[in-house]
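Going in written order, the chains are labelled A, B and C, and every chain counts its residues from 1.
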Amino acid sequence: MKTPILEVEDLTLHFGSITAAERETVIVYPGELVGIVGPNGAGKTTFLNLITGYLRPERGTIRFWGQDVVGLAPHQITALGVGRSFQIPQLFLTLTVRENVLVALATREGRWASVRRPLHEPARVQAADEVLLQFGLLAQADRPAGELPEGGRKLLDVAMAFALRPRLLLMDEPTSGVSAREKFQVMDTLVQALREGGITALFVEHDMDVVRRYATRVLVLSNGRILADGVPSEVLEDPEIRLAVTGRR
Amino acid sequence: MNQLLIIAVDGLVFASWLFLVSVGLSLIYGVLRILNIAHGSLFAVGAYAGASLVVAYSTAGLWAPGALGVLLVAALAAGLVAGPVIERGIIRWTYGREPVMQLLVTFSVFLILEDLTKLVWGVSPYYAYQPYQLLGQVRIGGIDYPAYSFLLLLVAALTGVGLWWFVRRTRFGRVVVAVIHDPEISVAMGVNLSRVYVTTFALGSVLAALGGAFTAPMISVVPGIGVEVIVLAFAVVVVGGLGSLEGAAAGALLIGLVRAAAVHLLPVLELFTIYLVMAAVLLVRPLGLFGRVEARRI
Amino acid sequence: MNLPRGALGVLLVAALVVAGLVLPRWLVFLLALALAKGVAVLSVVVLMRAGLVSFGQGLFFAGAAYAAGFAMRWWGIREALLLVPWSVGLAVGLGALAGLLVARYRDIFFAMLTLALSMVLYGVLIKAYGVTGGSDGIRIPTPTLLGLQLSGDDARLVVYYLAVAATAAAAWAVGRYAAAPAGYLAHAVRDNEVRVAYLGAPVSRIVYAAFLLSSGLAGLGGALTALNVGHVDPGLAYWTTSGELVFIAVLGGTGTVLGPLAGAVVYELIRSYAFKYAPYAWQMLVGAAMLLIILFLPGGLWSPVERVWRRAQG
């Protein structure tokens, strides 16, 4: 058996009377592509916030590559090789699109405090442009990120997480701002990049077709609880599960 | 035992002054989410208005106790004129902009008001000691206190109760609370934000001026008194939790008592007590005693 | 940093060197004062680029100025090339301490905490009469340069050239910082702290580093001011000193290094006249000007020039 990348046990958090996470237990192995589904307010984003240190659990353990990370800050967990993209894109809106990626690359190199050479080093600019090309953003490279349309912001947000070349990537609704037509196209790009980089990933997704097509495994959340965990084709056929996720039979 | 009493009395008096000069700052922050640096100048304007009117009133030889009423009128007039003018004329253009930029705008207003007071009232000091003298002394535990200090306590208490009543018992007060809690939902429910903002700013300005007017008889009113006040008021409000009225009261009490203790027990520390209290509270509770954590949704 | 801008810098330094030889003495003195202030304004700019406004740079400005005064008074050190590094070092030390408290805060908290700290220093400087000379302050005798005794006009000119050299060095350093990852990460913190953390960089250390750089620059400005004026007093720590620096930063804009420096020179020239004619309306003018700039020209007075410059470069 391969050693797990992520082990979550008994993870619990409440916001007042709201149960955001209740005894969640998950183990993720290298190479998996795990879809996380569930109705609005199920606790999907909260799950990502918890395991990346943005929120602190009331109870439970979280381990990446065997290392206990409860109590670590997001930047420490990120430095372990965990990348994340966001449901609401988190960009540097007054920097250009290229600079957003350059900052990510410089940080990945561990040079966030460096003053020795400029940010726009030729080699780094080239690397940034490769990332932008991959995500179809190269034409907008010199525009401030704040001028990007919704879909572009979403892509840039994911691109920045990719630029970190993490070993584990967590994506919160990577295709939500993208038009229905381009959804599969974007997912194809993402999945190919994941494969090329040997990256394990978890992604939150509302579109069941996307999950069925791309995920190797699916986690179903509802009211902070894990209702089901298994192969998409089986799990998503269960009428009870479908009702819980979509409200329809 | 006696010393404890002295510290308690001094502390309470100082706390009531702190509460008076800071509660308006907290109120405005709570509703408008703007730290009004000009609060200090509004305090100064109140002090000048109060002092000059009291001097005029006393020289005219009118009924002496009326001077207290004059202070109140001066504060109301100063706040009700300056507040709406500043909010409608300047502050409202900054709603929704970055906090740093709003801060610079209220700082600009502060600079302008500092010189305006000099232009209106000149630079020589005003002494409006009449109300202070009028009330004489009271003896507590064998020590004489100026009765005016207790008037200050009374004014602060009435202000506190008045605000509490306004916030909990009036329709408009409940609207204000709703806006403090969630501006977006309030607007969705039909609240007229502009009206709430201008009214709150006027009320906050009146409170600042009230603090100034009732301080005037105890000090010589000179240019520059506003700065110290904004720093002190900020410290109080931060200790209590920005935007919380109960917080302003708690912060004032805590700082007032600690400072009184320092004055009597460790005089070297007097200058620093407020900042020490602030630093200590912030280390334990970064958002102040009554501050609420608002994690950003991501 | 592109070449034309570097060339512009060399040209400006050359112009300042010539200015020292041809301009009347009083104007040279004024320029030295303006440059010293300009360096201190850069300290505000560094923080503003990280989204932070400090109303308390006077803490470092005065701290360094008094450090020079004490070194002269206690140890009889008069060598300018020792005094300046010592003063800057002390300012950075102060920054390292103050930063432990304030680097955790943003927005109004940061602004007011820095203001409070500088006002504490002001209070101490006034009250500790025996050490600081109270509100009279300390006289700073004429410095020496490389052991050379200087007199009157020579000394002034030497201090001027020291200011030119220090300003050029500070401008170069800030420009380099701004173009490097460290500077961009500070900018990124202003835009979105959460994302910076999720890139794996520690936000509080980025802010702390910017704060240290800023305290050093403010200290350099303070030390130069002390040597130039020949006297230090608590007013250097007063909020008006810090507020002035913030105003000039807004005036010159925070997008460039030259903007704030040019802003400082313009400000100092206008002030030396206007203050004479309208002593009680000066702050009001400053306040009104700042309001207008913030509301209508958020990039600073320099920003239209900058735009034209960029367009000219294609």
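Basically, a contact is a pair of C-beta atoms (placed from the backbone, for glycine too) under 8 Å apart; a residue touches a chain by one contact, two chains touch by 3 or more.
Keep in mind that this is a model prediction, so the values were computed, not measured.
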| item | value |
| --- | --- |
| Pairwise touch network: line, ring, star, complete, or other | complete |
| Interface with more contacting C-beta pairs, comparing A-C to A-B | A-C |
| Closest chain to the centre of mass proxy, which here is the mean CA position | C |
| Length of the line joining the C-alpha centres of chain B and chain C, rounded to whole Å | 33 |
| Whole-Å gap separating chain A and chain C, where each centre is the average of the chain's CA atoms | 43 |
| Separation of mean Cα positions, chain B and chain A [Å, integer] | 48 |
| Multi-chain contact residues (two or more partners), chain C | 194 |
| Per-residue overlap in chain B, given as positions that touch at least 2 other chains | 298 |
| Overlap residues in chain A, where contacts from two or more other chains coincide | 54, 86, 90 |
| Contacting residues of chain A [partner chain B, same complex] | 45, 49, 54-55, 86-88, 90 |
| Touching residues (chain side chain C, partner chain B) in the complex | 48, 51-53, 55, 101, 104, 107-109, 111-112, 115-117, 119-120, 123-124, 127, 194, 239, 243, 246, 250, 280-284, 286-288, 290-291, 294-295, 298 |
| Touching residues (chain side chain C, partner chain A) in the complex | 1, 176-177, 179-185, 187-188, 190-192, 194-203, 205-206, 209 |
| List of chain A residues in touch with chain C within their complex | 52, 54, 73-75, 78-79, 83-84, 86, 90-95, 99, 102-104, 106-108, 111-120, 160-161, 164 |
| List of chain B residues in touch with chain C within their complex | 35, 90, 93-94, 98-101, 103-105, 107-112, 114-116, 118-119, 123, 227-228, 231, 234-235, 238, 242, 271-272, 275, 278-279, 286, 296, 298 |
